[in-house]
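For reference, the structure is listed below as structure tokens.
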Amino acid sequence: MAENPIIEVRGLSKHFEARQHLFRKSSTGAGVLKAVDDVSFRIPKGHSLGIAGESGCGKTTTAKMLLKLYEPTSGSFLFNGKDITHLRAKEELKQFRKQAQLMFQNPFEALNPRFTIFRSLLEPLIVHDIGTKEERAAFIKQALEQVNLIPAENFFEKYPHQMSGGQLQRVVLARALIVDPIFLVADEPVSMLDVSVRAGVLNLMKTLTERLQLTTVYISHDLSLISYMCEQTAIMYLGKVVEIGDTMSVLQKPKHPYTQALLAAVPSPDPDEEPEEVLIKNHVPSPINMPNGCHFQDRCPYTEAICREKTPELRQAETGQIVACHMVTPFFDRKAEREEHVI
Amino acid sequence: TSETQTQPKSTDTPKTEPADAKSREIRTLQILSRPQASAPDEYERANLIAGAMKELGINAEIKAMPYEQQSDIVWYKRDEWDMTGWQMAARPERLDPDEFVYNLFHSSTAKDGYNFIGYNNPEYDKIAEQQRITVDREERKNLIFKAQELIASDVAYLFNVHPKLKYVYNHQVFDPNSVVEMAGMGIRNIWTYLNAAPIGQQKNMVLNSNDSVQALNPFYISGSFDSWVTELIWDRLMRIDKDGLPKPWAAESVTWKTDTQIEIKLRANMKWHDGKPVTAEDVKFSYEAPLTGEVPMYKPFVEIIDKIDIKDPLTLEFTLKRPWAAFETASLSKLNLVPKHIWGPIIEDLKNKPENAESYQEKTPIGSGPFKYENWKFKEEVVLSANTEHFSPPKIEKWIMREIPNTEASLGMIENGEINFLAVFPGDGQLLQQKVEASPNLTMVTTTDLGFQFFAMNHRRPPFNDVAFRRALAAAVDRDMMAQVVYKGFAEPGDSVISPALPIWKNPSLPYPSGGVEEAKKILQEAGYEWDAAGKLLYPAGKKEELGK
Amino acid sequence: MSLLEVNDLKIYYKTSRGISKAVDGVSFAVDQGRSLGLVGESGCGKSTLVKGIIRVLAGNGVIAGGSVNFDGNDLTKMAESHIRQVRWKDLSLIPQAAMDSLNPVYPVIDSFLEILMLKGKLSRADAIQRAQELFTMVGLDTKRLRYYPHEFSGGMKQRAMIALALALSPKLVIADEPVTALDVIVQNQVLRVLKNLKKELGLTLVMITHDISVVAETCDDVAVMYAGKIIELGPVSRVLKHSMHPYTMGLANAFPNLKKTESTLISIEGSPPDLVDPPKGCRFAARCPFQIEACAHEEPSLVSVGDRHFAACHRLDEIAVLQAKAKEVDTWRKIPS
Amino acid sequence: MGNRSKFIWSRLAQMVLTLWIIATILFFIFRLMPGNPLVAYIDPTFTKEQQDILMAQFGLDKPLWMQYLIYLANLVQGELGDSFKFRAPVMEVIWGVLPNTLYLMLFSFVIAYLVGILGGVLLAWKRKTRFETIGIIATLFTRSAPQMWVGMIVLVIFSFHLNWFPSGGASATGVVYASEWEKLTSLSFLKHLFLPSLTAAIYLMGLPLLLMRSNMLDVMGESYVEVARMRGLSEQRIMLKYAARNAALPVVTAMAVGIGYALGGNVVIEMVFSWPGLGRLLVNAVSASDYALAQGAFILSAAVMVIMNFVADILYSFLDPRVTFGKGR
Amino acid sequence: MNTDVRMEQRPVQVAYRKAGFLAVLGKNLAGAFRFLKNDPFSMTGAVIYLFFILIALFAPLLAPYDPHEMIKHNGKLAFNQPPSAEHWLGTTNMGRDIFSQLVYGAKPAMMVGLTAAFFVVVVGTLVGLFAGYYKGRVDGVLMRVTDIAFGIPFEPFVIVLVAFLGPSVWNIVLAMGLLLWRDTARVIRSQVLTVRERSFVEAAKISGASDLRILFVQVAPNILPLSFLYGSLAMGWAILTEAAVSFLGFGDPAMMSWGFMLNDAYASQALSREAYWWIIPPGIFIMLTVMAGFYIGRGSEEILYPRLKNQ
């Protein structure tokens, strides 16, 4: 691919120590929880990547590492070609913070309940020393108008609890955009919103990110939303990326049995459509102390001996996307190297 | 700190002030006192004294502090304090004037002994030494009188009062005629315990204490309540009689062969509480054990003894290194007779250990006294039972001392009969009297205390190093008012270390200054003191404040 | 006669700001063996409605009118002691927060035993047996009966609650948002469990959700609620395919469809009215792109628009035009935010 | 398992560390005070030799660091040194009063927590009624009243005026009990125990009562209580098995911590009622400058508190299956 | 929507930044008191405090006598007098006016209460904030220190310290200050632990704010009301403790505090004398001030013992 990626992630992992009860034998036991395990991808400038997967598969953890809220256990993270995995220097970190922003799942939580909207939007300006007093007011006004909160002045002195979820989510977006980021991560940005307003926020995000040429990572368990928002899609399962590629290929011609199941499980708003059979067994196993081999082995309808022995490598499928499954015939034999997981 | 309300009277002070007034100003004097909470009377007296000083134009400030802090300063920082509240408590051996007269004022004890005020008068020293070795009572009395005169005219102490001891007993329980009053000690004494005759169902004497019994140990002088118990369990060769004079007790006779030789005949058939006989060996052991170093507190009382010879199983001869007038009181009436068969091995054992006999607590203390140990519930009560085999058996069956730290409660308990002898009452005498008068069962007996309350002045420091200043202060302090206000009449104004309760030793006419503020001012003026325009007292010309800031 | 008939039910909350008319004249019926989906925006009164039906409202909630006929009895008039018998035995409700619906300090089996022994009058052994059956029925490992609720995943808890709801074989099960907050695969599993039970046990089901896809997949009928009122009611395929109310149309536009990626999502701007002081006319008027004069002061009533299909709109007569217009993005843009 | 025992071990290690630091602070507070620690016990008329003997007897003749090491070594063996005042091992002196403190504490806790928990449930049950308002205000009264004051009033009424209970002490005059059990079950002892316990309980019960009430209100809003109601369970059952059971968790913890506090002795009450307990012992020791004893009593109370804090944690996790330990979430 | 929001070159203004910080802090402090307005209980508590603060301030005007003065009528000491027009609450056994003492007693109560509360709020909040926010080692150390504070028996500690440092109110306050912050710290910490998990804190981090800024600008305002609540409770504890310590005889003799009055009454056998006018009023006043704290805290004892869930 011609364009240099803004985001490049190589073998990123995050492990947690599991907790347990003092007296009772817990169902999980002690051990290491591999929330994210060896994840790699690249996102070129202006592109958007959707990450989907079941609850607890490590989506949020990945997002947090992308925003340097978590220090990865291993692997590296390149931003604009620069390795910033272990970036500590204050100024540089601040610079990064200005360029990478997050949009939160729960807008009711994302704003300080004791701050007015104006105050919340002012905070990043103060932190980054942007503008004079008058200019700042203008910036905030602009930012609110940009997210369709018009007339902006009406919202200045409001507190979060005085606003609706849809409005708040827009404020959250405005706050993310007010520092002119080049990279935006949206972690389930609309899952807390009502259906009727959800579309509004999504459309707004879509147009703004396109107009501002933002590189985005969009996290959701809702594949239909991802298909609506993103060019590329990564499917995660228990800390690992199992399938990644163009949204079209991944969602229309899924190769990994997990992706297939996931797609089959999405209910259709069309009452006449026959629901598909979801070929998946059991529950998500405990992410603590995973067995050898493929993480999906216990639920997969196609499991064979090799799945229990060897962790499948990511390989390119004939449809273009990259898949981690022993059962998918590789498009060409060469093992897809991490650096090559370009999308 | 606290200030009194009275303003200095400037009417009779000179309007013109001396030119060098500034340098002659007397610093603010500090009066140490225990806090009102723990010693209300001392604190109130300090207030009254500070008030009197203010009237003389002297700034005084009361510093309240716990007793430990106060004593640390008074004992160990002997030149750092000005005035302090203090008291001398009544103890039987203090019925002999020696301790007060010698220890408190002899210059030899000024450095690290009892003479913490730093009183130094060679003439007095001589008298104090003389009375110690004057065995003849009349002769000694003159010396004691003279000593008191000197103390009074020098105003060695700022005497306040001899409080009145207030005891209450239940006359439905004890025959009033059988209750014995002891000079300077009141009715709470061993003679009452021995003599009190129960007249009803209640055969026990139940009295109160307001602090814990610390130990029941014949070799350890601990708290005063401990001594109430120990003197009952352990006999002594002599005991102080109700007239304040020692009389033979376990000894049948005490005969002074010479000024330094005393022959002691033991009573026959005395037995320890464990049934073993009391022998001369035991007596000798009792007097020699302190010399081993394992009984440090009793050592001072036996050091004077040169040797003890056993003449026969019931006769001993004590030889003193030099004559000592107070020997009967301070030694023969003081040391407990201890069974050698019990304590001998203990003392031997202790010789190799850091501890000494003071820390040894017998499970069941064994003495030969009129009461036997029965039970001790820590912080609750001590129970003794009558030793019917004693040569002077008590009439009560049991002697029980209950620890009741709460004064209100002790009052309530004597009223409702939970106790029948109020042995300690630090509270308001007037109230006690009202309660007793309102009760058909109770009788109150008050006695002027052997001990006394005073304020010590530090003779090492100006202005107290000036007799005139001390005399003026003494004149200004209204001791009658103290007795009336602070003690609600339950005290007698004091002017001597010897209590009026001891007429044999007390000098009735002492030259202790009085006359109030007017008289005080006169004394000061005569001594050259002056006042500045604001009415503040100034040192006499040529003297300046050296300790001020 | 229907198993459950709700007639003009009104449920109000006393709040510091005044009376909040959370449910304001709702009528519907559920026949034996059928399933009704209740959809609507957050806060439109769905939970209030079902809680009102079995009278477990919060302290400040009152039933202000109407009746609830269940199995021939009016639940609103029933004595408390009597309705206590009905609860769970004849009618069980899986509440919205099923995740936190089990007493956290007892193992899950205790909840089953309590119900089965106390209300079902089973012996302990029978109760355990029955609990195991129920667990198997919803696809849970019977070993898990001894676990504590917090040791269950969200989907498992939801299934356990379903099992518990079925413990006494009630005639009607009401499930309040049984799959919200579950991810797709688990959601799919839970819905499958419900569907199977419906098929096998002939369960009558009322299911609340705000996801019309869920309704489309699971229910026979659907009622669309808006601001305390039902604005459209009918068989699922009719309501979703031939929506008669602008709100329902809007709702359909707002749903992304995985199979039709080219379509744009359209949102309904604005937010529902304040229930303490609802507008006089149609409650949706302020957000409706087809609003006319009458909408502002006259409340439309729920009228039949065909085969068991009802809707409440003043412009039902021009419905074909509206339906066409509703598909256009610009139609919905005109509404001021 | 690993994590679990690691937690317990690390908590134990923490406890030891905490105690060590407290002991050290205490040691230096007592030693670094100006003046001779034995000031109240060394009569200035003692000869130098006598003073030295005394200093040696209490180990005060050695250099400070050595005293400290000896002190620590003794502490590890449960040795608290000798009381200056009683000339007896501190441990022995403390043992003499500890049972009484225990009885007073247990009795008052039983009263307080019974009344408190029941009262809390009742207040929560009757919420938004006048009963509740009055109940809360009354409870706040009991919680705000100075204990000595309540004690005095109780004393005047029940002892001085009505003469129902003795006015002080722990046992009747001259009674000797064959065993602690006989003492505990004797009417006379219980009579002595009653007033001080009552006074302590009046103060203590406020905490469980208010805590229980507000927890109840919290829990009653929880989904599982609502659902229990949906299940048609009886109101009593819901209140007790659902609401109260869950609401009691923090109360139990509070009680464990409270016992820790209380074992130090309730100084004021022991003072007013002449109760021979640890608190009074400590105050007496402090005012009598019996540092060894004060230090010992203090360390002991501290140890009990530290242990009870630990017990509270463990108890909580025992009672609440949801509590987890470790570093993660 | 059609404005381009690219804002590239923005001048830096440091001064404004600082002013903004202070302004926010000030506003938040004001916000912390806002809860008073909405809660009749808290309001009652605040009114009681105000009442006593006024009494404390105007004591010399309100009290007819100096509280230490031994009053003489016609040269005779007026002691142990029952209430009369002259002495509304009678006199003590030393002839001091009880009413005047009561009035003067408000000052030390308020002084002790407020300073102790201040100590508790400041130290407890800071410790709680840092421990909760920084977690890890900082938390470890601070919480160990808190554990130590929790291991020290409170009343005995105050007594020991006061016995050593001398009987002054300030020493009592110091002793309380050294320990009482512990509850506040623990509660604030657990509160901070939850607040710091809320996304707006993450949002602030993502916006590049420094830890200290997040701590004081974002987190602190959310826990301040709790701190004030604790302050009000601490005030009650402080007053009760001062009373108890005074009662035990370790009080400041120069301060006419209510606890001291109770001690005086008790030591002077006011009970046996049935001088209720001497015993009851100081008790009531102590009770009222302490209760005021509880009222402000709305009796929320549960905040004293937060569930240990998240420790």
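Should a chain be cited, it is by its letter among A, B, C, D and E, assigned in written order, with residues numbered from 1 in that chain.
As a working rule, contacts are C-beta pairs under 8 Å (C-beta built on N, C-alpha and C of every residue); 3 or more make two chains touch, one makes a residue touch a chain.
Just so we're clear, the structure is a prediction, and the values are computed from it rather than from any experiment.
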Steps needed, at minimum, to go from chain C to chain E via contacts: 2
Chain pair with more C-beta contacts, A-E versus C-D: A-E
Of all other chains, the one whose Cα centre sits farthest from chain A: B
Chain at maximum distance from chain E, centres defined as averaged CA atoms: C
Chain centre separation in whole Å, for chain D relative to chain A (CA means): 53
Centre distance in Å when chain D and chain E are each reduced to the mean of their C-alpha atoms: 23
Centre-of-Cα separation between chain D and chain B, whole angstrom: 40
Gap in Å, rounded to a whole number, between the CA centres of chain E and chain B: 46
Multi-chain contact residues (two or more partners), chain A: 24, 26, 148
Chain D residues counted as touching two or more neighbouring chains: 152, 155, 160, 249, 271, 287, 317, 320-323
Per-residue overlap in chain E, given as positions that touch at least 2 other chains: 163, 248-250, 266, 271-272
Touching residues (chain side chain C, partner chain A) in the complex: 41-42, 147-148, 151, 153-156, 182-189, 191-192, 210-217, 236-237, 240-241, 250-259, 261, 264-269, 271, 337
Complex interface listing, chain D residues touching chain E: 14, 17-19, 21-22, 29, 33, 136, 139-141, 143-149, 152-153, 155-156, 160, 206-207, 210-211, 214-215, 218, 249-250, 253-254, 257, 261, 264-265, 267-268, 271, 279, 282-283, 286-287, 294, 297-298, 301-303, 305-306, 309, 312-313, 316-317, 320, 322-323
Chain D-touching residues of chain E, taken from the complex the two chains share: 144, 147-148, 150-157, 159-161, 163-164, 236, 240, 243-244, 247-250, 259, 262, 266, 271-272, 274, 279, 282-283, 286-288, 290-291, 294-295, 299-302, 304-309, 311
For the chain E and chain A complex, residues of the former touching the latter: 1, 3, 5-8, 10-14, 16-17, 20-21, 24, 28, 31, 198-200, 202-210, 213, 217-218, 221-222
Contact footprint of chain E on chain A as seen in their complex: 67, 69, 90, 93-94, 97-98, 100-102, 104-106, 109-114, 119-120, 122-124, 126-133, 135, 139, 142-143, 145-146, 148, 172, 175, 177-180, 212
